[in-house]
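Presented sequentially are two complexes of chain A, the first with chain B as partner and the second with chain C.
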Partner chain A sequence: MWARAVWLGLRASAGGRRGFPSKAAHQGSRRVTAELIEHLERLALVDFGSQEAVARLEKAIAFADRLRAVDTDGVEPMESVLEDRCLYLRSDNVVEGNCAEELLQNSHRVVEEYFVAPPGPASCLMEEVLGTENMREEATSFIYVKSHQDLGSLLHQSLLLNPEGPQNHKF
Partner chain B sequence: MLGRTLREVSAALKQGQVSPTELCQRCLSLIKKTKFLNAYITVSEEVALKQAEESEKRYKKGLSLGDLDGIPVAVKDNFSTAGIETTCASNMLKGYVPPYNATVVQKLLDQGALLMGKTNLDEFAMGSGSTDGIFGPVKNPWSYSKQYREKRKQKSHGENEDSDWLITGGSSGGSAAAVSAFTCFAALGSDTGGSTRNPAAHCGVVGLKPSYGLVSRHGLIPLVNSMDVPGILTRCVDDAAIVLGILAGHDPKDSTTIQDPVKPFTLPSLTDVSKLCIGIPKEYLTPELSSEVRSLWSKAANLFESEGAKVIEVSLPHTSYSIVCYHVLCTSEVASNMARFDGLEYGHRCDTDVSTEAMYAATRREGFNDVVRERILSGNFFLLKENYENYFVKAQKVRRLIARDFVNVFNSGVDVLLTPTTLSEAVPHTEFIREDNRTRSAQDDIFTQAVNMAGLPAVSVPMALSSQRLPIGLQFIGRAFCDQQLLTVAKWFEKRVQFPVIQLQELMDDCSSIFENEKLASVSLK
Partner chain C sequence: MATPMLRWCCPGRRWIFAGIGGGSRHGRGVPTGSTSSGKKGQSSVAQQPLITAQKPRKGEREWAAVVGLEIHAQIASNSKLFSGSQVDFAAPPNSLVSFFDASLPGTLPVLNRRCVEAAVMTGLALDCHINRKSLFDRKHYFYADLPAGYQITQQRLPIAVNGSLAYSVCVGKRWSQMVTRTVGVKQIQLEQDSGKSLHDNLRSQTLIDLNRAGVGLLEVVLEPDMSCGEEAAAAVRELQLILQALGTSQANMAEGQLRVDANISVHHPGEPLGVRTEVKNLNSARFLAKAIDYEIQRQISELENGGKILNETRSFDYKLGCTVPMRDKEGKQDYRFMPEPNLPPLLLYDSGSLPTGADPQQVIDIDQLRERLPELPRVTREKLVRQYGMLPEHSFALLNEVGLLEFFQNVIKETRAEPKKVTSWVLNTFLGFLKQQNLAVSESPVTPSALAELLDLLDRKAISSSAAKQVFEELWRSKGKTPAQMVAEKKLELMQDAEALEQLCRSMLEAHPQVVTDVKKGNPRAINKLIGLVRRATLGRADPTVIKEVLERQLSS
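Presenting the complex of A and B:
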């Protein structure tokens, strides 16, 4: 009984809007420019690899554009389904740790208790300014930055690109 | 013995009819015989045998830990397992050995379960076929079932029986195949958009996605923090309930787990469904739904109605936008989560050491496959300053509308929703790979991902075989944190439909010849 009603309803509206997003036709979708590609590759630190990949991004964007059709006036964004509950904090007690050696084992390059990173872009410039003999060879844990505007902003960039956790993408 | 339910085997172990070591060895032997399915990435033979030995000691003293003591289980390879390689089927984590166990893994081990191994998946759980990992695709055991083969022989003669094998669905395909082929009694999967329920439906097993916040995600390598949930795959609903009872509960290490007390429960055997109200979302009746699934769905609804339940049509008005919304939110969160893979502290690291940027970029290019890289790039696009409001925040708003749709339906008196899980039965691999990963995911996740966005519990229960003699499952969706009620209804349904057992006996006897063929066929890696 119920099924019939739905089934008949569907047949009646056949040719109307499909409930399923089929391979979308590009309707004035954004073209992905070379500039955008470079920007995305820089932010994501992965490359597209091929023209097909760029085409697939365009399709993905066109797909996402369907959201424009939804009326979201007065609707608050939902960040978590548990938004009505309190996020709690643990008490600030040390309950585990002392496993530096174990953790260091997973890295390909370590020196004593440091993870070793190759020099960042700021330090290449530092080398120019300070001279090679004054540069540390190894990890750039400490970068002495002179108050030089360009150097400072490059360092800032370098630090932003160093992911200790999820990046803040709001550049 | 391998075909029994958890409770039955547990009882047999207690009574001494079988020992944990025997059980373990039988499963290990079966894993070897079914190697061509490619369900396992790592088989932890030594670990399992040692655990079996300890379990045996406990049973001898009459001190078994519970229903899971001595029971072989498998874990999807995106859960961290201490001392056992955890790869996420990606070059990025190949060779990575975590120093800790995921909470859910620890809980299983604390109950005495035997860890058979880590199962195969799509790389980083992105995909709906379990075809896109570096260890190759997983094959659906039903491709080799007597039921399917006999039907195929009627249609085509003399064709190479193995060339058109079927996919398992994904991304927890390895876990589903492992359970379906009797190599373990339960397996952990993960469910972000349907990754547990989809392969469960295609492999004829039960796939449970618990409510978001009920089960800890600590140690589950994250994809989408606001939607990921550990999933449970078993051969019957009762078994899933047992495992859920063990896994559920607050974890101080995962602040998104709720603090309400949770106790293991026994599912009642429902006999009277007259007080039950089943909702059928009309928007799920799409033209793409195969006629067979549609008719089984209809049959299921009629079954409930004929037994006295109230079955009504309901509406989830934003259904058609749900997959788009999911696509935006998923890629955005993925872009953020994948940022941790930079080669410094763990995982793959490239050889270049010129500069951090060059090193990160090369490491990530070498470590991730196309699918992962594309999702990262898409996600970064949606998170750009100029796009943030129009795509990401917009999607978050649409998410609220979708979640609200469900709340409205449940508030109108509906207890459980009944929907299809997949559009059709499992398809052959050759057909599946004709479309790219994103398109396939968008198609295959259609009935499952809205549930993740609303954080609701859902379970796929195998109902019947298609005309091709392949499994078709249906999905039940419950109210948030009413997992027990959901499973009670699912159990009632399972009992009524009596889904047939997969007949793999011929396969086991015949396996040597199949195994030979497999050695010749090379696994294609991207």
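Presenting the complex of A and C:
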């Protein structure tokens, strides 16, 4: 699921952002450039680490490329496995909420019933972002995520449905 | 603050740079994405209605500005868009947050019917085409008040497209010279609001309150058909009135229920569109026009000085009165849109396509909603003009103040006075007093009945208009007495005895022969002295116009 998101992200950044082309426009060379790595690192907030990781990523992409062997001419892309289900409409009644205490227990740091945003480069950037109360802009924060394995092998394993795959990862 | 000297022809039409301005300002920066999702193309040549009032000076080239708006309106509903927690402005932090809003694993979005109805009604009011099938997408970006790391929105196929919004602007100096313009509505989409971040400077930390996270928003995207701040402000005002009339949003900018982002660019007419900047943080009706005009001026002066406009996001600094850039770290923001996998397509029906035997709670009938649409402000104004013969700008003024229209209609119901008189009293005297003391209509010490009674007295010519104003002031200050009582107490009734008045006038003429000769010699203004004397003699209870009439008649005989 997560791997698929990255894959779609790659396709989207290469092929434009409006919808998803049913037939992939030519992806360009299989080399993953330093620029693309930087871009992905920022978007997905993971650390690519080493050249080895980049190479593994390229292999993973090549593996996924095999999807293109399928001819999808004239086939409408499926948006969701739920596409022929009915979208349930809920009545406009208040039935949830009032569990601040429970929710705040999940947070590492709490100040008086507010969540405290995690420390690190992100909050430095957010300090500058938040000039006035209620002002919000979209920011890309550089939260360093600790992962057990680097990105390339993670992808590789998910795609190969490795049973020792990335169940322990929390992002 | 040095703004470039700028002369523009008529409100919003063309811009001519007529002086040397200061360079663009660089305030403290902030990393952010520069553009919103790629909704606007930039390749077409602008189709601006080119009307100029002044000819450009020799050597100057004209500029045209292009302004597009993205307006976010908070939907007036009891619960949030995808969860059952309450929507409320002021509540203890994080008390209106469900597990889904906090983005805990295992939670799923469940769509609120009321929000869909609100979107459809707004789409119908803005003459949009309602998409029978619309889809939800995820827009990914990282921010502490967006716990899921993505916002559920409708990027690919929104619920309503291709509408229009008609609004009125003043051209020229007088309020009475109004023209109607339209701006295209590109689309209306449903999306989630984010939480609130509060910055604690003292301890250098950011506090997050998720009460607002997940509240339903209507994003209304207006086409770049506007050309100045005034037009933008007028369009936003009209949209506000429409949303309030429909009941889909309270659209109160001060409470953050209506937020506006503007996309602004300038170019020479006939040439391709210029690079646009996005100005965010336009959350005040007062500063909306100012901010947009400032940005237009800034761009023109920058280009005139040989500089370039960056495709960036800026914010408006209220204190300095200028736009400042937000630090643009990496160029365009990539939101990695993907379909929301947990929500099937949203299907809407009309009376012709309603599935038989379906649960009415689960089915939305567009035709039914269309029938139930309340009266739109535009229609209300037209009715007022037709029914009461008032000028269009009066109808605008009546609708512009909360509760004023109702007050007006209540007075009309109870009085025999002419509608034009009522209009004048309500808009000039009544509204004047309200504004002076900064009161809302609901806080007025004068009730519609009281004003109606007063106007009846005036209509019957029982009192003069100056006396009426006096009584009104009294009514405002003290309660408990009716106009009739006040008139009796202060002896403000007009003199009804015509014979006595004739006598008085004749005696006054006899007492002042000099004035009589003055008037007969051809100085008509000399009569005013006599009128004044007669008025004083009657203790102000005679109508000056009647006095004048009597005196003139007597003089000519």
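As a convention for this text, the second predicted complex is superposed on the first by the 88 of 171 C-alpha atoms of A that agree within 3 Å, B and C clash if a C-alpha of one lies under 4 Å from a C-alpha of the other, contacts with A are read in each partner's own complex, and residues count from 1 in each chain.
One rule holds in what follows: a residue touches a chain if its C-beta (ideal position, glycine included) is under 8 Å from a C-beta of that chain, and two chains touch if they have at least 3 such contacts.
Computed from a predicted model, the values in this text were never measured in an experiment.
When the two structures are aligned on the shared chain, A:Val111 is found in touch with chain C, with no touch to chain B. In the superposition on chain A, no contact is made by A:Arg31 with either chain B or chain C. Contacts of A:Arg90 after superposition: both chain B and chain C are touched.
In the superposed model, A:Val75 lies in contact with chain B only, and not with chain C.
Within the superposed three-chain model, A:Leu103 lies in touch with chain B and with chain C [touch as defined at top]. Across the two superposed structures, the residue set of chain A contacted by chain B and also by chain C is 5, 9, 17-19, 39, 43, 45, 79-82, 85, 87-88, 90, 99, 103, 106, 109, 115-119.
Interface residues of chain C facing chain A in the complex, by the touch rule stated above, are 28-33, 37-38, 77-79, 83-86, 92-100, 102, 104, 110-116, 135, 140-145, 156, 194, 196-200, 204-210, 256, 280-281, 283, 313, 315, 326-327, 329-330, 333-347, 361-362, 364.
Listing the residues of chain A that touch chain C in their complex gives 5, 8-9, 12-13, 16-19, 39, 42-43, 45, 79-100, 103-104, 106, 109, 111-119, 122-123, 125-141, 143. Residues 1-3, 5-7, 9-10, 14, 17-21, 23, 36, 39-41, 43-49, 53, 56-57, 59-61, 63-64, 66-70, 72, 75-82, 85, 87-88, 90, 99, 102-103, 105-109, 115-121, 124, 158, 161-163, 165-167, 169-171 of chain A touch chain B in their complex.
Of all residues in chain B, those touching chain A in their complex are 96-97, 99, 212-213, 226, 252, 255-256, 258-259, 280, 282-283, 285-288, 298, 301-302, 305, 311-313, 318-321, 323-325, 327-328, 331, 335-337, 339-340, 342-347, 349, 352-361, 364-365, 368, 370, 373-374, 376-385, 388, 390-391, 393-401, 403, 436, 438-439, 442-443, 446, 453-455, 480.
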